[in-house]
Amino acid sequence: MTENFEPTIIGFTCNWCSYRAADLAGTARMKYAPNVRLIRLMCSGRLDPTFVLRALSSGADGVMITGCHPGECHYIEQNYKALRRYLLLKRVLKGLGIEPERVKLIWASAAEGAKFASETTAFVEEIRKLGPLNWGKARDQLPVISEPIQREEVAA
Amino acid sequence: MNKYLLYPGCSLESSAKAYAESLNAILEPLDIQLEEIEDWNCCGATEYLGINLIPAYSLIARNLALAVKQMDGAHTLVAPCSACYLNLAKADHYMQERPALGTKVNEALAAGGLEYKPGTLDVRHLLDVLIYDVGLDAIKKKVTRPLSGLKVAPYMGCMLPRPDYKHRWSDHEHPTELEDLLRVLGADVIDYPLTTSCCGGHMTQIGPETAFELICRLVAGADERGAHLMATVCPMCQLNLDAYQGEMNGYFGTDYHMPILFFTQLMGLAFGKDPDELGIGTELVSSRQALMHIGVEVPAAPEPTARRKKEEGLPMPSRLLRNGHKHEKEAVR
Amino acid sequence: MSEKKLERVGVYVCHCGTNIAGTVDVVSLAKWAEEKLKHLGVVVAREYKFMCSSLGQELIEKDIKELGLTRVVVAACSPHLHEKTFRTAAKNAGLNPYLVELASIREQVSWVHTDKAVATEKAKAVVAGAVSRVIENKALEEIKVPINPNTLIVGGGIAGIQAALEIANAGFHVYLVEREPSIGGHMAQFDKTFPTLDCAACILTPRMVEAGTHPNITLLTWSEVVNVSGYVGSFHVTVKKKARFVNEELCTGCAICQEKCPKKVIDDVFEAGLGYRKAIYTPFAQAVPKFPVLDKENCTYFIKGTCKACEKFCPTQAIDFNQQDQYVDLDVGNIILATGYDLFDARRVSNYGYGRLPNVFTNLEFERLSNAAGPTSGNIVLRDGKTTPKSVGIIHCVGSRDKNFNNYCSVICCMQGLKFAHLVHERTGATVYNFYIDMRTAYKAYDEFYQRVLEEGTLFVRGKVAEVTDAARYEHEKGKLIIQVEDTLIGKQRRIPVDMVILSSGLQPRHDAKAVGKQFGISCSTDGWFTEKHPKLDPVATMTEGIYIAGCAQGPKDIPSSVAQGAAASARVLDKILQKEVALEPIKASIDHDKCSGCRICNGLCPFNAIAFIEDDQVSDINPALCQGCGTCVAACPAGAISGTGFSDEQIMAQIDGLLFRNLLPVEA
Amino acid sequence: MTAKPKFAMYWAASCGGCEIAVLNIHEKILDVDANFDVVFWPVAMDAKYKDVEAMEDGSILLTLFNGGIRNDENEHIAKLLRKKSKILVAFGSCANEGCIPGLANLSDSREIVHTAFNTISTDNPNQIYPRTAFDVPEGEIHIPNILPVLKTLDQVVDVDYYMPGCPPESHQIAAVIDLVVQVLQGKAELPPKGTVIGAGNSTVCDECKRTRNVKVIKSFERIYNMQIDPALCLLEQGIPCNGPATRSGCNARCPAAGAQCIGCYGPAEGVLDYGARLISAFASVLDAKEPEEIDHILDGLVDPTGQFYRFNLAGSLLKAGVPAWKAESTHEKEKV
């Protein structure tokens, strides 16, 4: 079942760097996997572990957290707090039997559209290998979307 | 007493015996122990890698595999000769960088019950070990007879700084390691811009005119700047500049007399050893005159045995050169 | 869904020509939104060719008025582009602008995916997310913040001077901080300027004097900014005025102290190491301000406690040996960073021999050589200070356009090389070679200057110079510097012996650019130049409101561009000053004092010091004026007592559920 | 109001500490007797399920339900009492958020049963396991079926009020009893449905007497190998104290006694996930910037999942670990 398993991933971006990297990937028409749905925060420091747990327990198979490179944060040092929360959250997820690799932290500056695209596609493949999370049967409580997604070709 | 594995290389047993003798002479004062690798083989010098990669790298890697068997603690393999150092370093580097090559070479080694995992050994040149492990201060302490007054041209050759995989040398064109060492020995080091220009390597066999041109540049460069002698770190450079200096003079109609010594010989002198312990005097271009500047009496070189009188015969016409006419004197007077 | 009154949501899907419609089925998307999100409150869902057009906006305004919409979602491009457009449209129709949400289905969907079915599916998720989120949006009012009319300009080069004069002439006060003893920057070191061959000092010094005497400009030279806090409209800046050991009130600038001072020191900064200055010095004659500076490291009094010649001969007793560093506190509304560039260190290219071969000079050294006020009074001579070179080689792109050093082109070295060629011809009649890769003469009258230098007989060799060596091989090379180069136009290696080599070193960001950027809260590009808000459309602003950049600090450029950027930055500042106040994004955090237990986890989290602890109530509090809205404390508060507008927990939780289709009507299987 | 209003208390999956806490209100228990007609309180008086089934719906005025929903009997009685009670209170941490029994949600329920009958001290040579249905001459007899995932009360039935605490503080129970009595006498209003009663609306630090400074955590320590400064906040001494995120109401009983708060009063008002709040709070104030340094400090937290979800797992967003959810999905297949 896993070979055509299409993971659903929630991505958190920071308004100043990684969101603009995503925009840059767009303006440069770079193609990457469509499985990540992005949410814009003002800063990666705004990321509350509750969001990650909410996403995982509501049907997401993985969560991608992105922000400015350490030292380049628009708010000077708030991405370090995101890094610390990420490292502690992974340990708790491990304790709950969830593969820590389902949550990934990626730094991408506003100029790194290519990196954002390639890291996204790479993360989707990693999650595809891990298979669906199917949290608490949450997924089958999901309404069936009109037609199953056929994939003509996965963009590079 | 820190222990290193030694890969002597063929020249140190033949044309560069002086290098080996002077190296042994300075080991004791510098508290280094070199353990020669059992049953080492030729390193392929410069040609073999150009002809056929896999057998060449297998030949070289065999030495690395043998060295690993004698490691017990020491993980640095020292090669006094620049060509051997470069080949051993290349083998270790490319077996790591190109796994396909690595596996093929290990297949070859397996035939002899050997195996080499790239990265286990740290391949380094003797000069690198002396400067960065032993250290210039430690060397300075051992200097009893400073070479002051002796003008030396530091010639490092082209194989050490390029390609410098592990960034061991200060610069890829104008490294200062040899210069610093010679200054610590008290020598009067001249500013020698050709320190990493090529000495011709085996061009002396393949294309003599090119070799003579390169040798002439090096020797003329040192002579113009008033050097009494040149210090080298590689048996091949020493051989080319020393043995072919005469032929080069003949070729260009010049009359250079530039002694070419190994830096270990100069270190020996500075440590107060006598010349014959250091193989001084065996060089073809005698260093007798040069070393008078530091009051070192080099026994007069034995009269060259009278060359077998060539039977009288018809005079030989000069060799026909590639462009069909005798070369014009474009080199320096 | 709890039975609280449903919001009335309008969804508008933009075709954006074919940008979106090409890969997203916009019609079915709109229909889907109207059906599947009806129970959330979607009352109307339209699709239109260009939502950002006035017609598109009118669609929204009409619906707000006629259908009484309380929320709007526009599925189109990135919020960074048209968020303002649609917020204004809502405002015009009487809806609070912060009740509009943009769903990015262009940059993040249609442009980056190829499969139409998948892209449409993703677009549905994005719209569902946006609708769920917008329902939780709260009406917000922009926070008006007063603008302090004073301006701080860091860097007294030509860009900084231009900006200062523009603002000062407009009648507002400027504090111009300069690290060196005098303003003037690199330009003051030049002899001539291309392409007009104006003498740099002749066109610069009048501007310097104007800035030095302008009532609205306070010069703080020999000073550095040590602390910056606050936000647009009210920055609080601390400037350290280093001790000059000269009392500025008494000093008349007569320079007797410089004559009498016995201690000569190599001037590495202004004379680029070619000339000398005294222990007490002004960098150059026309220095502004005219007060000299005493160099503590080299002054015999400070080293041995003797001499004091300057004090003896000073007619106005202006010398004060125990003058201390002063700290000046400034309150300004806007800041312009015009901190300039550093020259690439040519020593790093070891095969060009700078620092080893005496007669190899850098471009800044040659500027001083050719400058009439320079150490050789303008005579172009070799390092021995006597012989005039008969042949000169000028090498372009030293350290630039080179993957081992700096990838970028430094813009000015070609023209500078041509200028040098002309000066050498004019002053010495020597044969001149210019070694270039591409001749970049892009701006007004630049190429004409190139033609002129060609006609003067300069020999151009197109090729990257491999080596400059003094190892002669032939008779005619002895005693010369030999330039080994491949002449790519004739396809041959050439060895050209010359007497002097000039290296046209490239421009590099200041060595402390990253630290200065961090101090002012702006970031640097990968190469190290300050990052502008938008490379094409907003080159003088930065991501941080109220901080502007101008001149080479933003990237290599010539003097006209630096001046233009200085003026541009001043225009941006003036428009802020004239508005008297600026509306800040109402994205702030606030603490509910009933819930707050005073655990003080949040106290150390705010780099803007917006969070304070009230001792007597034993609770923490946030100063909305200082809060920049990053939300880090909102996420960190263990009691959930801190909430944030614009990106509240409710909004994000709703968006997560929306993106995962968690709140759709379950489809009867 | 002639007949006294009916009062009931039930003990589902919990340790019974809450019942004792009710008795622990000393003489006030007499008020209970005076104002209420206790109709159903298995631990205190003899009443059968069929007695409750016989009552009309909503006839019990106040039911204090403590304990999580572990098996289908708990579920059945929870639904029954909901039908019969006017006010149903989730009493104590187990009913509110699963508490210690809820930690079973970290493993597969069948493994739990297997382990229970195979401990070192269990003599079970021929591996006999209980069967939930068994035929005997008199007919088929049943014992309750264990649910794969322990649920909190409000995940099974609609709950009127929540009273946290493990157990709830006696003075808080007494206060609630007084409140209900006053409501009966028409002297007070019932708070809106869903409120948390018997607790404060801030967190433990509000009531903790220790001095508090700006929080920076350099390392996490185990309390038993530390010399604790009696006056300074425990978290600032490196002891992972959950006080900042745990609802107030217990007068910071544990920190006052020199032990760290472990979070028995559950999340503060309006918090969706207790553990997430602590993960964010602790991590944000770590004194390290490089990943290696951060991991080094975090190694001081021996059991992060236990630290953050000791009481709150069943009530958290994730509710259970992967093994429990796997058991649930396979369990579903078996049953159907």
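Order of writing sets the labels: A, B, C and D. Residues in every chain begin at 1.
Definition applied: contacts are C-beta pairs under 8 Å (C-beta built on N, C-alpha and C of every residue); 3 or more make two chains touch, one makes a residue touch a chain.
Here the structure is a predicted model, which means the values were calculated and not measured.
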| item | value |
| --- | --- |
| Each chain counted as touching subunit A and subunit C at once | D |
| Chain whose average C-alpha position is farthest from subunit A's own | B |
| Whole-Å gap separating subunit B and subunit C, where each centre is the average of the chain's CA atoms | 53 |
| Length of the line joining the C-alpha centres of subunit A and subunit B, rounded to whole Å | 58 |
| Distance between the centres, which are taken as Cα means, of subunit D and subunit A, whole angstrom | 34 |
| Overlap residues in subunit D, where contacts from two or more other chains coincide | 272, 277, 280, 284 |
| Residue list for subunit B, restricted to those that touch at least two other chains | none |
| Subunit A, residues touching no fewer than two other chains | 48, 50, 54, 81, 85 |
| Touching pairs among all chains present in the structure | A-C, A-D, B-C, C-D |
| Subunit C residues touching subunit B - in the complex, by the definition given at the top | 350-351, 353, 356, 467, 469-475, 478 |
| Residues on subunit D engaged by subunit C in the complex (per definition of touch) | 201-206, 212-216, 235, 243-245, 248, 267-272, 277-278, 280-281, 284-285 |
| Interfacial residue positions of subunit A with respect to subunit D in the complex | 48-50, 52-54, 56-57, 70, 80-81, 83-85, 87-89, 91-92, 95-98, 134-137 |
| Subunit C-facing residues of subunit A, complex | 8, 10, 16, 19-20, 22-23, 25-27, 29-32, 34, 37-43, 45-48, 50-51, 54-55, 58-60, 68, 71-72, 74-78, 81, 85, 109-111, 117, 141-147, 149-153, 155 |
| Subunit A partner contacts - residues on subunit C that touch it in the complex | 32, 78-80, 104, 106-109, 111-115, 117-119, 121-122, 124-126, 129, 514, 518, 521, 523-526, 531, 543-544, 587, 605, 607-608, 628-632, 634-636, 644, 646-647, 649, 652-653, 655-657, 659-662, 664-667, 669 |
